[in-house]
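One chain, subunit A, links the two complexes that follow: it is found with subunit B in the first and with subunit C in the second.
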Partner chain A sequence: MFEEMTVDFILGHLNYWFFIILMMTGLYVVIAKGNLVKKIVGLNIFQTSVFMLYISIGKVEGGTAPIFPMDMKIDPEMLYSNPLPHVLILTAIVVGIATTSLGLALIIRIREEYHTIEEHEIAEQETKVSFYELNGNQLTSGDNS
Partner chain B sequence: MLVITALAVVRTRSLFAVVTLSGVFSLLSALLFITLDAVDVAFTEAAVGAGISTVLMLGTLALTSRSERSEKKTPIVPLLVVLVTGAAMVYGTLDMPNFGSPDAPAQTHVGPEYFERIPKEIDVPNAVTAILASYRGYDTLGETAVVFTAGIGVLMLMSGLGRRRKEDEDDPDQEGGSA
Partner chain C sequence: MASAISSEPVHHIALTLSDQLPALQVLIPFVAAPLVVFFGVRSLAWPIAFLASLGSLAVSVLLLQSVIDGSEISYHMGGWAPPLGIEYRVDTANAFVLFLISAISSVVLAYARGSLKAEVPEKSHTLFYALYLLCLTGLLGVVITGDAFNVFVFLEISSLSTYVLVAQGSYRDKRALTASYNYLIMGTIGATFFVIGIGFLYMATGTLNMADLAERISEQRDSRTIRAAFAFIVVGIGLKAAIYPLHLWLPNAYVYAPSPVSAFLAGTATKMAIYVLLRFMFTVFQPEFLVEIKILEAVIIPFALIAMFAASISAFYQRDIKRMLAHSSVAQLGYMLLGIGSFSHTGLTATIIHLFNHGISKAALFMGAGCFVFAIGATSYDKLKGLGKSMPWTSAAMVIGGMSLIGIPGTAGFVSKWILVQAAFENGWWSFAFLIVLSSIIAVAYVWRMIETLYLSAPIQGMTAKEAPLSMLIPLYLMAFSTIYFGFATDITLEASKAAATGLLSGSSGLR
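So, the complex of A and B:
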């Protein structure tokens, strides 16, 4: 495999690697950061870089946007980029905003219940609650740490 | 520039700045989409990604807190997971055709057929619109279903937010005030 690693090969694949770096940045934010809003932002970054990967697959060297002349007389010499990835990604963007808004609504609800949007603080509260339940004690309302 | 913005998102603690940076990220990616010939996608990304989602996130921030607490755990394990995943994906790209090559499988199979059929069957100048509304109409139908479901979900989660808050103020011992 490594004998194919010519300059041409590297230049032709550099954009894919670039998008993978972006994707991994988003994934890192999702995994490593405890703040829920930040997790959603990381998810968005991940998502957008996947879109970029798809769109770049559809790009043709020297091509142009896939919009025909108004009289529909298409010049056969004209190169157009592939419109299919564009269509799929248009759908994906809208689905993405739907999931984002649902996630944000969940965050608001969590904040209302736990008074925090930090993951480890929620985990602490949950541990405390299950500790009290195991010991058969009544959870007092002043247990709001 | 996109990478710099993304890294800034990782480092910044102020959530307001993070949300603004994500809007910047969306706008930059819209520019990238234009250079990649996807003008329709750039439109949507600028409107939806930079516009609506930023507004939604700002709304969330207004209802929650503004800044992120400092982390306790060490980020070694996530870093390792991310590096391994990234390496696997780079390995996957090694078999892909060069960027923009006209004889890639993606360009030679379905795409030309659409270009032949659209002037005859649809007669809409914008190929993306023609495919979206006709050849892949079921996708759009499914998308509408998803958005509808998400809308219902958001409404269910958010409904009674003000009412519950008022109950909390009246009686702090009520469920939701404790725990």
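So, the complex of A and C:
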């Protein structure tokens, strides 16, 4: 397999290398960062990498933009890039925007309730709440029995 | 659209309403969702939503009737023929799941009217119903479509509205917000993985139509692109389906969501994802492909077994009824996976019938939990002590649902577990049959803990719990009695599941 790793191979698949690097960066940010906004940023990088994969696979070598000429005289010989992946990714971009805005709106609500957007501080507060819930309940049930 | 292609003769135009059923299935809730917002009157929001849900239920019944014999309906969206246009393809498998989703949605909506008053402030109700309908649209769309990219679009419609619906629980407990946020992160990663998989498939085959994909994939099963695509799709859908190691978003989302949302999601969302998994594994990547890459032995069966035990045991240790039910959902998904893993007609029948039976049982149980929230504002075992006396109807329904969860004969849960054990015997997997029974005994333990709390513990002094109103009890009992009904009248569910399994395995030599 490593014999295939020539310079031509690496340069010929440049778009995939970009895709993989961006995808891994994004996924790493989502997992490693504790700040909720940074997580959303990571998620965006991750999604954008996939958009780039789709857009780059639509490219046909030597092909032009898939647009009808003004006079509508279509040359059947003409090569053009595949527009379908672009259209698909237009939909995915809309989904991505909706996800981002919903995520940010949730962060605003979280900040209103918790007064922080750091994951570990939120976790601390939640542990306290559940600890209080459990012990509070044990006390009341202890009183009654 | 029609004018653009009017130069060509139009061969077919479906004029009767019955030909348009597949489109109506998705369009009714989709159109009703903005209508709810446009009317803006709170008193109209619920009736519109309920009528829309009943409408799609009626459509799904008609669809199921016409395909239960194993036939297929292919609907061309906008008159564009596949593989270029988007195709809606209805066969027994997805007609059955469509029926499950729209039936649970209708019953839960009837229940939501009373339950929401206790959990969500009035001013949010209109938007709540609109989002609920959008979520229903997404779930139905995922199931009915025959186009791989369309699955992603509908998946995200349902997921995005689900995140908001879960966050509505923040009026009762602020932890709903973080639950929703975590669900959003995990769900988006899952959906993006799914899109990567679809992208790879498109690279390798140049098509997005499922039937077309199946044909072209079978020609190049060795391709590394196809195999990577399969891995991405299974992991992506696995996140949405909460398959065992990918289930971490599920407990918090179910616990902190408003009760009608918990009931609706528990009954439909993960079931929809399991259906997509089935569709991709058996229709798009044919059974031969599954044998070649050994995914069943290496991934599906081990995780199914771990889920059955680990999630059941953690369900036993929970101190909150909703959290216990959420963990038990993960365990029950293990049975469905084991059905897929047994890779036979009986096994797939077990998966599909369990998908249905568990959907109705879990919806009933979460609706019961919602009645407790309505009456005392809590679901922890400490607060529920002795409620069997003051809330006899709700508690009795919880017992019925719990029995179905265990799989006691006479309930729906028994039917599906019985077929699953049969599938294990057919394959000669005596040890697996034993493990299914063993994990059911753990289910007895966690259901018993609930029954003990409700009936055998001394009630907390000064606790005055009133029974939930009839508007909540009637839908609850409709669901609870249907778990008993489908435990005895198995002909409908069994016939549909068998035809669905045949449909999924058809056209392949992988049938054992």
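Basically, the second predicted complex is superposed on the first by the 133 of 145 C-alpha atoms of A that agree within 3 Å, B and C clash if a C-alpha of one lies under 4 Å from a C-alpha of the other, contacts with A are read in each partner's own complex, and residues count from 1 in each chain.
Here is the rule we use: a residue touches a chain if its C-beta (ideal position, glycine included) is under 8 Å from a C-beta of that chain, and two chains touch if they have at least 3 such contacts.
What you see is a predicted model, and the numbers here were worked out from it, not measured in a lab.
K.L.:
Tell me which partner A:Ile122 touches in the superposition: subunit B (first), subunit C (second), both or neither.
P.N.:
So A:Ile122 only meets subunit C here.
K.L.:
When the two structures are overlaid on chain A, which partner does A:Leu27 contact: first (subunit B), second (subunit C), both, or neither?
P.N.:
A:Leu27: touches subunit B and subunit C.
K.L.:
Taking the superposition as given, does A:Leu79 touch the first partner, subunit B, the second, subunit C, both, or neither?
P.N.:
first
K.L.:
So, does A:Val95 touch the first partner subunit B, the second partner subunit C, both, or neither?
P.N.:
both
K.L.:
When the two structures are overlaid on chain A, which partner does A:Glu113 contact: first (subunit B), second (subunit C), both, or neither?
P.N.:
In the superposed model, A:Glu113 contacts both subunit B and subunit C.
K.L.:
Is A:Phe9 contacted by the first partner subunit B, the second partner subunit C, both or neither?
P.N.:
first
K.L.:
Check the residue A:Val50 against both partner chains and state whether it touches subunit B (first), subunit C (second), both, or neither.
P.N.:
In the superposition, A:Val50 contacts subunit C only.
K.L.:
Considering only the contact definition stated at the top, list the common interface residues of subunit A for subunit B and subunit C.
P.N.:
The overlap between the subunit B and subunit C interfaces on subunit A comprises residues 23, 27, 57, 84-85, 88, 91, 95, 98-99, 102, 106-107, 109, 113-114, 129, 141, 144.
K.L.:
Within the complex, which stretch of subunit A touches subunit C?
P.N.:
23, 27, 30, 36, 39, 43, 46-47, 50, 53-54, 57, 84-85, 88, 91-92, 95, 98-99, 102-103, 106-107, 109-110, 113-114, 122, 126, 129, 133-134, 137-138, 140-141, 144-145
K.L.:
Please output the residues of subunit C touching subunit A within their complex, sorted ascending.
P.N.:
149, 152-153, 156, 160, 163-164, 167, 170, 174-175, 177-178, 180-181, 184-185, 188-189, 191-192, 195-196, 199, 202-203, 319, 380, 382-383, 385, 458, 460-461
K.L.:
How about subunit A: which of its residues touch subunit B in the complex?
P.N.:
Touch residues, subunit A against subunit B: 1, 8-9, 11-18, 20-29, 31-35, 37-38, 40-42, 44-45, 48, 51-52, 55-70, 72, 74, 79-91, 93-102, 104-109, 111-114, 116-118, 120-121, 125, 129, 139, 141, 143-144.
K.L.:
In their shared complex, at which residues does subunit B touch subunit A?
P.N.:
These residues of subunit B touch subunit A: 2-3, 6-7, 9-10, 15, 18-19, 21-22, 25-26, 29, 32-33, 36-41, 44-45, 48-49, 52-53, 56-57, 59-61, 63-65, 68-69, 71-73, 75, 78-79, 81-83, 85-86, 89-90, 93-94, 96-102, 104, 106-107, 110-111, 114-115, 118-119, 123, 125-128, 131-132, 136, 139-140, 142-143, 146-147, 149-151, 153-154, 157-158, 161, 164-165, 172-173, 176-179.
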